[in-house]
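Look at the two complexes coming up: chain A is in both, with chain B in one and chain C in the other.
Right, the complex of A and B next:
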């Protein structure tokens, strides 16, 4: 390849990946997948840090469990469940279409899977927040 | 009843070498059924002769007039004004993304064309070489040039590259049109193609956003072709596992 040929300067990934304005449904799916992936990765780190409380003895861990029963933490857990549902179901679409299965119907597959994720999210929400 | 004339404002991206990018506004009158390229040409003809843009055929064959209209990749010669604005509205015209800007609406497509060559994409061939007529007949057009036959739908406009978020952050990614060209050519045609596309910057870099297919003016369906190319890659690699070495 002729190295004298100019390449474009790479754009900021924040703008390139997270700005779905005026784009097609595929970009919304892409943004959702990125956001939920980052959220789940962050949760994984927090989860490991929290498990570190086990090393500080049963009393410390007990106090920690009391803390995370606060509604703010329960809502945070609910967001993790939602992220898992969206990322997981969207992943099914990507896995199928990545090898040519259902490519012409990828928008419909996305909508259908997100409806399933939403229904599952409502069911989880009712169970998690039920008094 | 006469043809309605709309008053519109065109915000046109301007950037000459070394200058900071900005937008110039032009108050224009336009027939809603004419095309965005017609208005850009009138801006150049009657308002600012320093405006640079690419165009040639005016009927979506040459792929030269790709731009972003209101943020969306369009072939401006087939994009009617009424599709992108209303009477009293504004049209924002930008150069394509993910290409270096040469001047105003003109981008440097040299690397893109070189990559298309690399995968053997042949959008046109002389009709005699295309194998559709006997070689003894050499049809010529009115200018005495040998007639060419279009072989592939891709017009190399680059709109798919502009719309791709992966190409935005990874300039080494081959991009949808190039991978679609490789798929049309077929991996069995050249061993080198497999090495080019079965690469971290090739067929596996696509993240299934499908914007390429959404903006393609020629219905090439680059996304479908990329997915099909993946199947070809896996099939070819699998076959090679059982081939005697050296073949």
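Right, the complex of A and C next:
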């Protein structure tokens, strides 16, 4: 094939970053792991700070609970639950392959673990939004 | 293609890498308990102040949550450090990162344990 035809059209780095085409499953696994890692780390420190309301007594904690009952916070909390499920289940694959276990099957392991995470995500979604 | 194996990266000590994995596995176990308790046990979706005090009056709970706190903080900071290592920091920057993360880790754990003790104390008193 002519070399010029095989070259992708020039793209800006923004397009290059966010273009999901021609990506391998492993790239998605890597991106999912990093994005959820950053989100969960941010949440961890927010969570620790916000739980400081417990030390201030029942009234302060009650007011805090009233605030986070707002649908926007419930949705945010649901994202945290999903991120934890994805990062945790994908982490099982990373731990296994780190010790050389299941390396040839890791794509299948990844897909299976993500299916489990999705099912758990639906169960938590029903519980968090139905009540 | 998925990498053959994950391995410690340049600037990441093998023991720290191993600690990241080991803490990750421990966290998964406790996180499942943490999620189920916080979203499936209470009458409402989240535990109230009284629910939390009652829950923490069982001595196993503050011990479990204390272990959880230490390992989550360590795992989060080691993970963030390993992401920053991919940006190839200079030796001086890495030293600053190590110092800052060490401080953040210690402060978070001390604060978190203090909070745990306060809650467990109130739970056992009431």
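Here is the rule we use: the second predicted complex is superposed on the first by the 106 of 131 C-alpha atoms of A that agree within 3 Å, B and C clash if a C-alpha of one lies under 4 Å from a C-alpha of the other, contacts with A are read in each partner's own complex, and residues count from 1 in each chain.
Throughout what follows, a residue touches a chain if its C-beta (ideal position, glycine included) is under 8 Å from a C-beta of that chain, and two chains touch if they have at least 3 such contacts.
Because the structure is predicted, anything quoted here is derived from the model rather than measured.
Once the two complexes are laid over each other on the shared chain, residue contacts for A:88 go to chain C alone; chain B is not touched.
More residues of chain A lie in touch with C than with the remaining chain of the pair chain B and chain C. Look at A:41: by the touch rule set out above, it reaches chain C but stays clear of chain B.
In the superposition on chain A, A:24 contacts both chain B and chain C.
After overlaying the two complexes on the shared chain, residue contacts for A:54 are found with chain C alone; chain B is out of touch.
In the superposition on chain A, A:106 makes contact with both chain B and chain C.
Residue contacts after overlaying the shared chain place A:98 against chain B and chain C alike.
Shared contact residues on chain A (touching chain B in one structure, chain C in the other): 24-26, 29, 94, 97-98, 100, 103, 106-107. Every residue of chain C that touches chain A in the complex is listed here, in rising order: 1-7, 21, 24-25, 27-28, 31, 35, 39-40, 44-46, 48-50, 52, 72-73, 76, 79-80, 83, 108, 111-112, 115, 118-119.
Only residues 70-72, 97-100, 108, 110-111, 114-115, 118, 163, 165, 168-172, 207-211, 214, 223-224, 227-228, 230-231, 234 of chain B touch chain A when the two sit together in their complex.
Contact residues on chain A toward chain C in their complex (touch as defined above): 24-26, 29, 34, 37-38, 40-41, 44-45, 48, 51-52, 54-55, 57-58, 61-62, 65, 68-69, 74, 81, 84, 88, 91-92, 94-95, 97-98, 100, 103, 106-107, 110, 124, 127-128, 131.
Put simply, chain A touches chain B in their complex at residues 1-2, 5-11, 13, 16-17, 21-27, 29-30, 93-94, 97-100, 103-104, 106-107.
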